[in-house]
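Okay, got some structures for you below.
Look for subunit A in each of the two complexes below; its partner is subunit B in the first and subunit C in the second.
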Partner chain A sequence: MGRYASLVWKNAIRNRRRTLLTITSLGFSLCLLGLMMAIYYALYLSDTPPAQALRLATRNKVSITLPMPGYYLQRIEKTPGVREAMPWQWFQGVYKDERDPNNFFARFGVDAKKLFLIQSEIRLPEEQKQAFIADRRGCIIGKKVSEKHGLRVGDRLTIKGDIYPMDLELNIHGVYDSTMGSDTLFFHWDYVKENRSLPKEYTDVYSSISILVETPESVPTVIAAIDDQFRSSSVQTRTETERAFALGFLNMMGNIKAILLSVCAAVTFTILLVSANTMAMSVRERVREVGILKTLGFKPGAILGIVLCESMLIAALGAVVGYGLATVLCGMIRQGPAFSSEIANLSIQPFVMVAMLLSALAIALLSAFVPAWTASRVPILDALRHSD
Partner chain B sequence: MAIPLTYNLRNLAVRKGTTLMTALGIGLTVAVMLTTMALVAGLQGVFSETGNPLHVLVMRKGSTSELVSTVTRPLFQEVKMKAGIAKSKSGDPLASLEMIEMVNLPSVDNPDGSNITIRGLLPAGLEMRDYIRLQSGRWFQPGKPELVIGKSVAARFPDAQIGRKIRLARNDWEVVGVMDAANTAANSEMFADLNQLAAESNRTEALSSILIRAVDPVAVAALVQNLESDRKLNVFAQTEAAYYESQSSSGALFEYLGMFVAAIMAVGSAFAAMNTMYAAVARRAKEIGTLRVLGFSRTAILTSFLVESLALAFAGGLLGILLVLPLNGVTTGITGNTFSEVAFHFRVTPPIMLKGILFALVLGAVGGLFPAGNAARKEILAALREA
Partner chain C sequence: MSEAIITTKGLTREYVRDQFKVMALHNASLDVTKGEFVALMGPSGSGKSTLLYLIAAMDRPTGGEIRVLGQDLRALSGNAIASWRNAHVGFVFQSFNLIPVLTALENVELPLKLTSLKKKERLEHAETALKLVGLGDRLHHFPKQLSGGQEQRVAIARALVTDPDIILADEPTGNLDANSANEVLSLLHRLNQEYGKTIVMVTHDPHAARFATKIRFLDKGELLSEGTKPADWMSPS
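On to the complex of A and B.
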């Protein structure tokens, strides 16, 4: 096979412009395919990071907008297998002006002491952490929030309440970074809870509770234990892994899986067309050469192999270009708004890289097979007589 | 003098394999773009058709959606007394105090569950929404845990069917009717008696919004002005139409994603078209020489090849339209700003098809320009001598 390598290479570069155009065209399509596969992999196939695998979330079974009674928190804390549980309360609210969607970022009310135990990915200097814990009106913000809104440690900010009829006047004590994304503000839920002017419908209920379990193996039993103890209560709960909880939000936006798969299908088909077209053109213009090769004693199998290899070489080069482009795009996506921690950390994993290359090669084989087969079967005399 | 168009069309027909593959590549790119546009158009259609221009929606100041807004009963009494509100058949002001709840049920697209809006409303609220017809079953009775569901809910949520019970906060609620709300967002909602629903979720005082009908278009502006400037009320008033218009940004994420995919695919198919056209120029070098000998100018050659590329792309655009036409009318649902599913039909409208053709032609022009220039630059003798 090795002795044909130079022949394959020479054939591939005999029409440099065509090869270059094909590689570019395949590169762009494969970059898209790679990107969609990377997102699919990150959302549905990748392993849950070890810290996240220990976390669960509980909400009202009917819907996240309905609350759970306040005493559920203590009940959940006492459930065997649960190490910590804390409120994870969506405050929403308005920063500056509600009409500009750029002013939006997530604001969660939590238990500051437990936050760093449960969300162990959150990184910030120890003194900022302590300052936040010590101040009831303190908050910490993610790096992305800090950069986007020009907010720094020591600044104050006001979040006008919309769901809750109260405003938050918060002191920023820290700027954190986290592998789970850094576009959230965390504040003490006690700030809301201890507001005596609010009716109990706001202060003595939780809409979601974040839970840390002892071991990853205990997850299914803890989930069952929590939901079972409220099964006959008037408010039933739904407990799931934090990842399933987050994916649920993403899936609610629309049928993400179907969208990713249909884009993949459209792109794959396009690549198939581009590649088949190129190989058909390439083979068509050298029918006479094939005749000469045959005269020199090349077997049909060898000719088939040479053409297939050429197609695979071009597709592989396209995959390399596609990988490069996809890596750049992933970097851009990481800078954008994080819909989930998986998207915030998006990169082309080795698995996806291999999948990209293999699909490129498979498409190359499939698309080149007909022209290659025709070339290998053409009778010598016909081939030599052929004029294009 | 120009080279006749039939020359190009016959050339495309001779190389039908290549033509078809290139056109299909362009067609797929166009199809991705058109699918995105059809989705956004369908979604915007629902939101733009929802909302009577005479209706004014009142929410708490700072609220961007009914879901996060809170209004109280005393507030309702004050709003109801404002001047310029139309009267109902029974002579009361046409004003409905409403509340929004959610229930999460598995949908045909999302077995893990999607949110559905449940709207609790007063009899006036039903009277104001005169475009809603009962499709089957009956209306809910005040004081009973009963639901009337929109026809999209009935079609998309297997658990939501007449006779079935749906568990809300405490009790099982029976589905008693299905309503047809023309092409409005109410098709994706469930309606229930306000007081019953408020009691169910223990929110008897904190309700969501107030809908009022003005007597005439002039009174709409005056009412909005009056409510907004009343600092004691602390409310945000807008026309119902304006509110739903603002919800149509729910499709923005899909629009960005679709356009991004289409843009990248466009680069790929423009390069593929370029490849095809370069091959066409190379194959027909002798013909180009002959045409020049016959007296056709360089400009005529350039135009001819460009036209051929455009014709190829046009065919691609048509293929793209053919690919997305079956989507027209297909129902899907997405969850946007309102945090609950809104069902809509894909809409492949003539303006959208036209955009698809234009997009294809742009790809054809980009892909054809350099090869056509290459053809035009050929020297007569060299071209005739080429193999």
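On to the complex of A and C.
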């Protein structure tokens, strides 16, 4: 088939405007497909980073929105296999103006001393770390938050309470970076807990607890041990890996897996139609030339191969365009608010790139097969009389 | 006496169109010997192109026998016919039928893509064929950049680039002006006289037929016996 390469190429570009439009439409569709596949891969198929593999999260079994009693933290800390445990408390609150969604970023109350042990990916200068640990009203913010809101070390920050009936007056002591995302503010949960004016149902409960286990192998045992010890309690727990916890959080927005797969299927079907239409038009215009090739001795198999290769070439170019666009989009998503560390590090992995290319080629084969087969089987004289 | 390389006996081609049977060719018996230049003449619908397509194995007879270069064409499968045609037959159409997106050189190279020749050899052969038809200076021109006569000469170069035993031409001058027609006919004559190519040419034009060594007439699907013309045939001026 290699010796027909120039013929395939020249046929592919014979109607440049149509080919360009087809490649562009394929590119945009494949970009969307690639993006969906990248998100699916990141959420469900990618390897868990080593540090994250050691982390678990415990929450109320019924719902993440319901609290667990505060003493659960001490019980969990003493569970065999648990190295450290700390509150991982969603504060929410309002920064500046709640009507502007750009002001939103995650705010978590934690145990500052344990934060850097459990979330070992967090990187910031040692003096900033120590300053944060030493100040109960201190906080650290992610690099993205700092850049987006122009906040720097030494600035004061007010978070107005909405779920909690108190405001946070925070001193920024550090700006961190992390492979798990840098769009979160961490503050001392003790700051809230020690507020005597707050009722106990605010200060003596946790919505989630972050846990560091001794070894990755101990994860199933620790999960079972934690949940078993609260099985007879009025508030049962659900302990899961940090990744599963984050996915559960995402699933509050809907069945992400089903949404991703539905979009992928819809996009694939659309590309199939676009590609099939183009190839059908392209082949129909060339029936007479098929007759010429047959007169020269080209066999039906060769003609079938030439048309299929042409379709695959156009699809492959569309995949390259789609890959480029999807890479740009991933970069934009990485800059936006991250709902999970996987999204914070979203990129088109080689697996996704290969899947995009294979999808494009499969679509090309499917869409071109019928017109190519028909053209290869048309009798010479019928082909030569075409459009005469 | 030379050996016949094209032999048909009782060759028949019947079509069914809109439930009606059309007898395009009936009981045609023809012998063409090696090195002959035969013109097939006759009015429109007389069956001359049908006979040419059957000789080129571009169509299948519904009756009779046809042997070309000793090969019974009815016995060949679809793929075998394609290979056979590529190796033994060069075809020239009335409307040139060049591939518009390919240059003259690439058009002439096309049939060689089906051979085992390497690209460099293919291009050398194609260039030689184009020089032979006087288009050595038009190698990289696209069909739309050539005149009708030049296009037909490219088509002839494409037909002879595989060095076929037989060249079949279907009204090769039908779309050309008088000067271009003469150039093309002279070229075919030269290929017959100097290179010994066996040529079968379908034409309406008595002037074109003069370049042939033998003229056979068809009328209403019948191949008339040698030396016979249709009753209402206008004599060449």
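Observations
Everything below uses one rule, namely that the second predicted complex is superposed on the first by the 382 of 388 C-alpha atoms of A that agree within 3 Å, B and C clash if a C-alpha of one lies under 4 Å from a C-alpha of the other, contacts with A are read in each partner's own complex, and residues count from 1 in each chain.
We take it that a residue touches a chain if its C-beta (ideal position, glycine included) is under 8 Å from a C-beta of that chain, and two chains touch if they have at least 3 such contacts.
From a predicted model like this one, the values you see are computed outputs, not experimental measurements.
Contacts of A:T79 after superposition on the shared chain: neither subunit B nor subunit C is touched. Of the two partner chains, subunit C is the only one touched by A:Y4; subunit B is not.
In the superposed model, A:S207 lies in contact with neither subunit B nor subunit C.
More residues of subunit A are in touch with B than with the other of subunit B and subunit C.
With both structures placed on the common chain, the touch criterion links A:S178 to neither subunit B nor subunit C.
Of the two partner chains, neither subunit B nor subunit C is touched by A:S146. No residue of subunit A is contacted both by subunit B in one complex and by subunit C in the other. For subunit A in complex with subunit B, the residues that touch the partner chain are 17-18, 21-22, 24-29, 31-32, 60-66, 92, 94, 98, 101, 160-163, 165, 199, 201, 234-235, 247-248, 251-255, 258-259, 263, 266-267, 269-271, 273-274, 276-278, 280-281, 285, 388.
Residue ranges on subunit B touching subunit A, taken from their complex, read 17-18, 21-22, 24-25, 28-29, 31-32, 60, 62-64, 67-70, 101-104, 109-110, 112-115, 167-170, 201-203, 205-206, 249, 253-254, 257, 261, 264-265, 267-269, 271-272, 274-276, 278-279, 282-283, 332-336, 339, 341, 387. Put simply, subunit A touches subunit C in their complex at residues 3-4, 6-7, 10-11, 13-14, 288-289, 292-302, 379-381, 384.
The part of subunit C that touches subunit A in the complex is made up of residues 53, 56, 58-59, 78-79, 82-83, 85-87, 91, 93, 97, 99-102, 106, 110-111, 113-114, 119, 158.
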